[in-house]
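Which chain is which? They are A, B, C, D, E, F, G, H, I and J, in the order written, and residues in each are numbered from 1.
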């Protein structure tokens, strides 16, 4: 058994019981973005969060223990994702990657936007021409320093 | 000569003259995000915008014509980017890809967030623990339909 | 259990019972193109469609639930397909890709032909020199806009 | 000098002179789809067609000779295309590939749709909800035979 | 169960019973080349051929049904084959590929040698300096046409 | 300068002067298959053959010397060829690879068909249903031995 | 069941019983290099050798039959090996590959060193500065010929 | 200018002047194997050796300086070599890789055969059935240790 | 059963029993770095160490035997690691790789830093601005020699 | 012109003038590790540092400007490095990657060791059994947080 087995079990339970990520997140006590990532095997739960998950998905002791272990991260089966929704994000990185780089460097100098000290918020943005997906990404700027 | 040659010439002129993307965008009359992407060879300029670019970067007639032709898009030299700043974005897609997919589907059903009817806004978010990069992505939701 | 397991079960039932996609589509109530894609794990069924599928293929409750969940799309095992019929389509994209790009841009400007707001119709076209496969693809044009 | 050099020269001349593929095709005397593919280095011209191209793009004798030589085909720089318009076609092959295979086999038996005895027609389809790109592909069915 | 399972079962039965492809082909009633390809999961059998296979390899009803379904073709586990015998064929394509292209085009013009309307015959050619493998490939020439 | 430069020069001269491989082969004194492969940079010429090539293509002393040096072989730009004619050969290896392996082993035991002690003959085979390309490959069988 | 299953069973038996390849080879009656390759699924055994293997590893009838079938060769899970010992050999090919090519061609002309009519001998070479691995490779030279 | 430019110049001079590696090695004062690798850009020359090379190949001061700089090693253009002679070596690593690993570990325990403290000797081995290439590889065994 | 199965069992036991690598290392009697690598399937244990592991993780005789066999090394599922922590190390190699090469060569001449005669020490380095990971790598320098 | 051109010019000047990185670093006023990375195109120089570089390497105004622009980082030509010295570092990541991950997580919890707030120190460590390369890596620990 490894974390992937626990993830598969969680997803199957969620499908079977027609649960929603937003509701699960409320019970876990974190944002729906972090909670979903955690349930999909990308984040580490505290003891208390893992106990909630145990209840929600009917996990065993060993499965609950796995949720508290730092996982081997990476949720995609191929380097270039084939799923159209996820591909569009890869395309944004591909088309706008050098633009993002230029503008962050222009504002902050050499360094990166952290993907660790990072949060994400996904919301529906009503629009008469068709609703939009609005995503806010916030990452700490980490400067390269000389030494 | 192709669009890549024009891109290289624009970047070299910008470096030589120590120009800023924000200033260039103001002259082009679009956001700094769109303008930078356009100057880096990813977007198509109108005649008027191309004329501004001609002035700013000292382009020839042929180079100015290239800016008005739809380019072959894709700004990265490798499928997995090696540059740390751009890689962090690829990492976000890799770690959070299935999370983004789940949450957009939970809210909107089957479909995608458009990378075409799309805009991006990158801002500095002051923070006493270290300033943050704040990025807002807005893409129209496009539903899959049965037929 | 995941969607792939349901797809494999559907295909096996179809082989065993020597069913036809056209007949299945009629029962599902959608075109044969959409229905086949859905049965092969690429589309999301409504509750009612899933119930029809349950009947047709002898699915369990959990399997029927999976059909109503948005799947991770992508039906090919390798980036370049090895199957000769599917490869010919990849070859068309490879040989004619830049041509398609030029002609759509010439007619519509910068943007794409949607693969989401999209439909496909495959028909036999009788021809004395050998019947032909006639395929009509229809996708909404989505323009890039400045912002 | 090789065919790629001729292609680059033709594209540059077209950009410089702001020509349209439809007009070029009319002069060459073939469809705009075949003509564009030919000008982009994928098809072989007859002596007469090559002479027209020589006039249109100001080619030398050697360049005109190259147009009459069968080219090494394949117009994309990477196995998975990065350009969003062309990627959507790759995505169609990826998502619908097995569907296309099933339906052609159901109608015709084992074999392929030819990408050689093949034609393509790209048209604007007016639509109040947004115009559509309508593409008709026609390829001869070639059956596998036993021997 | 899918076609690969049937292929594995056929190969295991052949190994266990020490059968020869030439004998199997005689019973199937086709050439040893086509028959072997079919048994290895690359070709589609008629009802009658499938019944012979059922007898020969002790197949179930479902397995026999799979033999009559068009398979997803491609018999190699990697894009560049590692097996020395098969690699030599890949090497011939790699070293002689452009030569084959030039000579077929010189004789026939632009087009391809069909791999569908195709047959192969493999024979031992006695030779005092060491017997040779003699292979005859015959494929219909399919010309590219203008349209 | 290296062998690729000489190959490019030879091809350009052939295109410019509209020569045929068959005629070139006659002057070189070898088969059209070997001669074409040699001119395309895959084989090594003798002093005498190189002198004929010098005459035919107007080569310099250094270029003529390169023809007599064993080249780094491999004529394709990508591991999976994109050109449709050459791809069909790759497809034959992919679809029939395991078949070829089985039949050669059945006849000869463990070993390979040499791609070095090898010859190829490409001929037009007239056929009322459309002429065929007939290719004979002959390679010495080389057995694996125990030691 | 296929040859890989037999290989895994042989390795497991060897580990469990703490056998040595040199002893196994003595019983098989061939060199330790050939025998190890054969036990690892790369070579074909005679009936008599397979019977010895049956005894040594407790194989079934079917497993013993598999040892006498020519296997699909290639023992590495990735194109570039990750195991440090095997990587060093890949590194030798990478660093010295063109050197080996030049020196064999200088001595023998165009052709190859056979990997089929080939033997290998691995020995410990005592050395006061640290013992060395001494490997002798012997392969027949096979010349390319004109035809 | 970099080391690759010097390598190309050396090879071109060798071709033009029809020199032999064995003679060059004698003048450099090292084995033909090391010398060829060095001339092909894989090894670092001493000042004295570089002076000999300057004489032999007519190098400039800067080119001579490059020969004394440690090069970025790796002589092959692709991860899997396409040249038949070099491929056979890759094939040996692929087919015999796990065998070599097993036998070295059986004799020496866990560790590697060095590719740095390493030498190679390539000789012609006369044989009435066809001369053989005999290669002796000698590498220090380096044990993994616990710590 | 192979070494991977043993590794999976060890990890599962460690998760279930919430053990620490540092404690395991103390019992094994080696550093925490070597011990962890060994438990993760990268190193070979002595009989005595394997017996300790048997006790700690409840292994069978056969599993204990596997720990004493040299494993096929390489702990990552993809050539470019997707896990953010491990990727940062790959990034260091990518960004600083040529720097490391230059500085080691400047100090030592041509050669490598051994990854076999190698040790690693990972420590927490307290820092008021945020604790740091401090890693010391020590590898013997191995010089290339002429021969 | 881009940063790669400046890097090539700097390296060529260093080779021609036989300079040492340690001396260059002293003049730039930073560690030899940071300075070498900067000169090899991986870091951004201040105006003052760039002026020193201009003097040292005879750079033009434009070249000096490029040194102050944040570069597209990544110093290796292939995803898996071919150079033996750099490969050994990739091997350490491959063999010890999961070990490093486990031990950092055991000490710090979920998060990463920064490759941005990072420094490296490479020293010769004298050793009677052969001098060693001693490398100290220091990176800030960055924890994943819930949100």
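In this text, contacts are C-beta pairs under 8 Å (C-beta built on N, C-alpha and C of every residue); 3 or more make two chains touch, one makes a residue touch a chain.
Model, not experiment: these values are computed from the prediction.
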Trace the shortest sequence of touching chains from subunit C to subunit J and report its length in steps. 2
Sharing over half of the contact pairs with A-C by residue number is what counts; pick that pair out of H-J, G-J or B-I. H-J
Of G-H and B-C, pair with higher C-beta contact tally: G-H
Interchain centroid distance [CA atoms averaged], subunit C/subunit E, Å: 29
When the centre of a chain is set as the mean of its C-alpha atoms, what distance in Å lies between subunit C and subunit I? 46
Quick one: subunit A and subunit F, Cα centre-to-centre, how many Å? 53
Using the touch definition from the top, which residues of subunit D touch two or more other chains? 33, 72-74, 76, 79-80, 82-84, 91, 94-95, 98, 101, 105, 111-112, 114-116, 142
Throw together a list of every chain pair that touches. A-B, A-C, A-D, A-I, A-J, B-C, B-D, B-I, B-J, C-D, C-E, C-F, D-E, D-F, E-F, E-G, E-H, F-G, F-H, G-H, G-I, G-J, H-I, H-J, I-J
Sort out for me which residues of subunit B touch subunit J in the complex. 8, 11-12, 15-16, 18, 77-78, 80, 82-84
Tell me, which parts of subunit G touch subunit H in their complex? 20-22, 32-33, 36-37, 40, 42, 73-76, 79-81, 83-86, 88-108, 111-115, 118, 120, 122, 124-125, 127, 129-142
Per the touch rule above, subunit H residues touching subunit E in the complex are 80, 82, 84, 87, 91, 94-95
Report the residues of subunit C in contact with subunit B in the complex, numbered from low to high. 30-31, 33-34, 43-44, 70, 72, 98, 101, 105, 109-112, 114, 116-117, 119, 142-147
Contacting residues of subunit A [partner subunit I, same complex]: 1-2, 61-62, 65-66, 69, 72-74, 76, 79, 115-116
